[in-house]
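Paired with chain B in one complex and with chain C in the other, chain A is shared by the two complexes that follow.
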Partner chain A sequence: MWKTRRAEAEGKPKQPRTAIRPLRLSRDRTYWRETFEAYWYLLPAFLVLGAFVFYPFFSAFKLSLFKWNSLTPPGDFIGFENYRYIFHDKYFWKDMWHTFYYVGITIPVTLTLAILVATLLNKGLRALAFARTSFFLSYISPIVAMVMVWRWMYNTDYGLINYFLSLFHIDAVAWLNDPHYALPAVIILSVWHYVGYQAIILLAGMQNIEQQYYDAAKVDGATGFQTWWSVTVPLLSPQIFFVFIISLIGSFKVFTEVYVLFNGPGPLRSAETLVYYIIRSAGRIDTATNHTGRAAAASVVLFGIIFLFTIIQLTLTQKRVHYD
Partner chain B sequence: MRGLGQEQSLVTTRTESYYVARRRAYRVFLYVIMFAGCAIMLFPFFWMVTTSFKTELEAMRMPPQWIPGKWLWQNYPAALARAPFGRYFFNSFFISILSTIGEVFTTILAAYAFAKMKFFGKNFLFALLLGTMMIPGEMLLVPNYVTLVRLNWFDHYQGLIIPWLASVFGIFLLRQFFRSLPDELWDSARIDGCRRFRYLWTVIVPLSKPAILTVALLKFLGSWNAFQWVLLMTNTQSMRTIPVGLLTFSSDIGTEYQLLMAASVVAIVPILILFFFTQKQFIQGVARTGIK
Partner chain C sequence: MLRKLMLVGLAAVVLFGMAAIAQEPVTIEFWHAMSSGHQPNLQKLVDDFKVAYPYITVTLVYQGSYGALQGKVDAAVVAGNLPAIAQVYENWVTPIASILYPIGNFMTDAEKADILDGLVPSNTYNGVLTTVPFNKSIMVLYYNKSLVTTPPTTWAEFFEMSKALTVDTDGDGKINRYGTAFRPAANPEQFLIFLEQAGGSILNADWTEVTLNNAAGKAAAEFVGSLIPYSYITSEYMSDHISDAAMFVDTSAGIAYNQKAATNAGFELGVATLPAGPANFNSMIQGTNVAVFNTPNLTQAQKDAAVLLAKFLIRPENTVFWAEKSGYQPVTKSAYATQEWLNWVSTHDYQTQMSKQMLNAFSQILHPNYGDMRNVLSTGFEEIMRGVVPPLEGLESMAAEIEALLE
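Up next, the complex of A and B:
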């Protein structure tokens, strides 16, 4: 089709069909010239992606089958020994549990709050710009700097959180020193950090919902809540689902919040996560453990989890979510 | 009979002014919630800034002293003198600016090819690109670390910049925008004898400024805030950026939280300035990530 159109655009007469078309490969020369040119355009991006995404992706699988204690020698092939090791490692399962615990609480809480915030900001109140900015500020600020403030607020003796709790006659909590409160501390901080980001995406989605649906609801005599529940939420479901999956995948990779908040894995490694495990095994946090292969094996497990959720996303977006 | 009377009085009292009052009360309620939410979100910032101006004693006071007795500006130079923050700043700016420029360049080229050119293997390459969205960056840390060491880029600027010079997300975003531009532009440019490469930079790019700015902003933000990669791919203090430097600083200063807060404020300010000048693109850029 396009070939004919192009020929017309260039003012060439249509070529008569002939029996012999040597070396045409079913497409004409301009096509191959354009292909050649397009590859030059793609080259820079694909060079970088090739070296730092595609190659390491396969390399991770390969490395997970080798015994490596330092970087220079290639190491010995040991099959699935690294996997066997990490699956028998108590800390691997603990870290896995911490990660799921973190994800399982952070995501529902943040998402619920974000939907409420977006609804509120969509009410046509004044000072919207101010509100939007205040909710957004936590997301754009460098996370390390933000964690520093939280570290200060979580301080057992001089921290503000415990001060506020004392106003309600709640005893001081050793947020950063008590293994039971280490993960909750990370969760509260993460909810605060990401709620604005999610709310902004959802707000944009809400503003995209056409007025006609609300008019129809009004004609039917729906109350405010009914409208919200049966118009806004269903029509927003693509964005809600998108935010849900993106945040889910993102939270499985939690590391920075933990590492900066505790300057380590938390008391008794109580806040250590899966990515923390990977980085620790690679010998980049304490140099005593330096098992590149084990780190690679744990990376492959992380990939497996995220891959699973991506597949779920792909299948569900095609079926369940409403697109109007 | 009395019941009926009550009903009647209900009907008569609910005049229009009743509904106006009710709506107004509801609005007030919404405003209260909204400002309470804003207060919670902004509170850590408030606490960071006020703490940064206090004396050590004031910072530790319980119940807390909300506003410093005297605003100690000297906390700032004092904090910055305690660690090589000049170097950290230079590194952060240098890395963020170079990787932003580089990424915008590679992204424009690739996005244009995918949006407007017809070539062999286009669908395959695009699917490949889509596929990378499933790969968590953390999975690549270990092999990339090995690569950087082998290339001798470990603890060098190359290792902090070059691996980040392409962004799949940026390519998607720009491709989407480029596709919305009419093909007639190219036809007329071609009649005027314009080469495609020049056409891209002189026609397409100026037309796509908002989208390109969005890509650049998100990149700069990500680059400035990057922590994990810099932490793992550098060893020496002179290669560290602001976020990693801040962490080292925090373990060096012990309990002098006013200094830590001052340094944190300094780390945030460049992003805040950038944000306030480009708020619209910034927010739209993030919002657009959710609209397919």
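Up next, the complex of A and C:
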């Protein structure tokens, strides 16, 4: 049945339905039994997702309608007052802007670099395994340890980055102490952190592209770039799409990099992101007052943004992603 | 005669019974956020407590950073499984003051009067001493001894010295070393100190009115504003910028880090009390207290045991031991008079100044929205010090935001 539906979806001619009624009944019984079995196998996943994803989500939405009280949680029902508060809070909008700024630059830059790195790695380097491991190391390094190293590299007086800039007679940049450079500092770090991960996934995709397509392109007299642009990139679209979605969701949730890099929200709160806003509102930074309802409202808004962007991406890219 | 014998017998039974109940083994948890360096010393205090009260077993539970501890305490309030005793910041427990077991009710007047005056208000809820101070630090003035021979004692001297010590050492038109430094976002307490020294406060005594922007507040804002050209501004620890300023206000708890950084940079670091403002030279006390919880998950024996532990921690010999080992300050007056402490001070020059400052200090207010007010001060003070807004404009803006938090 599934095969039939798939065939229909792919526009292939339907197989003639020759089965007589009793046989069909029997097939339906099998279908229902298999379906039941399938749900039975899926049950553990549903339970885990239900407990750790769906319940927290609906719980967060419920909390967003309350003024939190630790003694008698969730406290007093206040309708959409928490939403009204955050929408009138200038820092919510500043943090929203910072988040979009970060996402808007980090994702395209990382993805472009990852495609280039994957292409180079796919050229058949002798030390391919070493190169792959090297690029992947940045991703598997513990993020806090990695950010601590970057803190040193960003140091105004004795940091490695300013040292390299000085070789080109560029004045020292106060990466961590100048509001103009704070967010770019986070972006540079994030691009470095994620480019290896994305490149490895894209490389795996490239290595799975059938040689026949390249042969055909060669026969047609395509240049190297034409082959890359018209064969490699389109056939890599499922992997590109995957890393795009994953990095989009991850980028909207950026927090640790900021918190560890600045030990706070950056100078003049210039690197404060939406997740930082949520955690600060929940009283989890310094010894702030606990506004769980307000934090829940902001997290529901963030969910809405990510959901909306994912839907837009799915819709826009559906026709451009080639799975065969 | 028989009646008397029976009464004596009954009294003996009651007394033995009470003793038996009192000696019943009891175990309590003590949640804390003291990192690995402090843990052996905390364990030593708990071991000594076990010697004094053999029937009580205290389990130390390290909960991570202060933020993590706060989260665990909050969650435990909701889940109803609070420990008997925990380290807490004032504003964490202000909203849950009704479930605190008032330790002060089990202390003599002499014991209560022994706690440093500056620490009493921040441990008093609804007129009752409820928590007791534990690991307390004080903001003091650190200075580079190779640049500052006599530290400033007044605001005017502080300003003049900051100005004189701000220099462009290599003549490239950029300042290489500032007279002083501020960490406004991370440490808005620096502004609260100037406010206190000008005779001001965030709110009036009964918390009904914002007084931040009165005459004293304006004097404080104008003074910090006058220091902007001579101040290095950062959000990082001063130990990372030890050479960027000739003197700076920082917590006494940072002494080890600051001294190490100074030694690495090739100079000796001095410690002094803060320069005095128009009203006083008071400084702000930071750090946590210990609270005993009064919730149904705890037995009376556990609460009693926790009270005994809290009182034990502030005994002179224990608060002195803790101070010597941790770098925090003793929390009782009698501790400062012990021979042990006097010996310690005589071999640790900086402690003389820290002790003097500790006796001239104030604590944060217990307003339930203090955390939010601190956020407002943190952002507003940074905007002033980084020159985003003029000092008085910034002050008015902070006052307006704090006004909204009173509603």
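FYI, the second predicted complex is superposed on the first by the 261 of 324 C-alpha atoms of A that agree within 3 Å, B and C clash if a C-alpha of one lies under 4 Å from a C-alpha of the other, contacts with A are read in each partner's own complex, and residues count from 1 in each chain.
Here is the rule we go by: a contact is a pair of C-beta atoms (placed from the backbone, for glycine too) under 8 Å apart; a residue touches a chain by one contact, two chains touch by 3 or more.
Remember, predicted model here, so these are calculated numbers, not experimental data.
Of the two partners chain B and chain C, more chain A residues are in touch with B. In the superposition on chain A, contact of A:Phe255 is made with chain B only, not with chain C. When the shared chain is aligned, chain C comes close enough to touch A:Leu176, but chain B does not.
When the shared chain is aligned, chain B and chain C each come close enough to touch A:Arg284.
Legend: residue contacts after superposition of the two complexes on their common chain; A:Leu268 is shown touching chain C, with no touch to chain B.
Comparing which residues of chain A touch chain B with which touch chain C, the overlap comprises 71, 263, 284.
Interface residues of chain A, counted against chain C in their complex, comprise 69-71, 73, 176-177, 179, 262-269, 280, 283-290.
Considering their complex, residues 27, 30-31, 33-35, 37-38, 40-42, 44-45, 47-48, 51, 59-64, 105-107, 109-110, 112-114, 117-122, 125, 128-129, 132-147, 149-150, 162-163, 165-166, 168, 171, 187, 196, 221, 224-225, 227-228, 231-232, 242-244, 246-247, 250-251, 257, 260-261, 264-265, 267-268, 271-272, 275, 279, 282-284, 286-292 of chain B touch chain A. Chain contact summary for the complex, chain A toward chain B: residues 2, 9, 31-32, 34-35, 37-39, 41-42, 44-49, 51-57, 59-60, 63, 71, 117, 120-121, 123, 125, 127, 129-146, 148-153, 155, 157-158, 160, 163, 192, 195-197, 200-205, 208, 238-239, 242-243, 249, 252-253, 255-256, 259-260, 263, 275, 278-279, 282, 284, 292, 295-296, 299-300, 302-303, 306-307, 310. Chain contact summary for the complex, chain C toward chain A: residues 66-67, 70-71, 74, 77-78, 89, 91-92, 95-96, 98-99, 185-186, 233-237, 368-372, 374-375, 379, 382-383, 386, 388.
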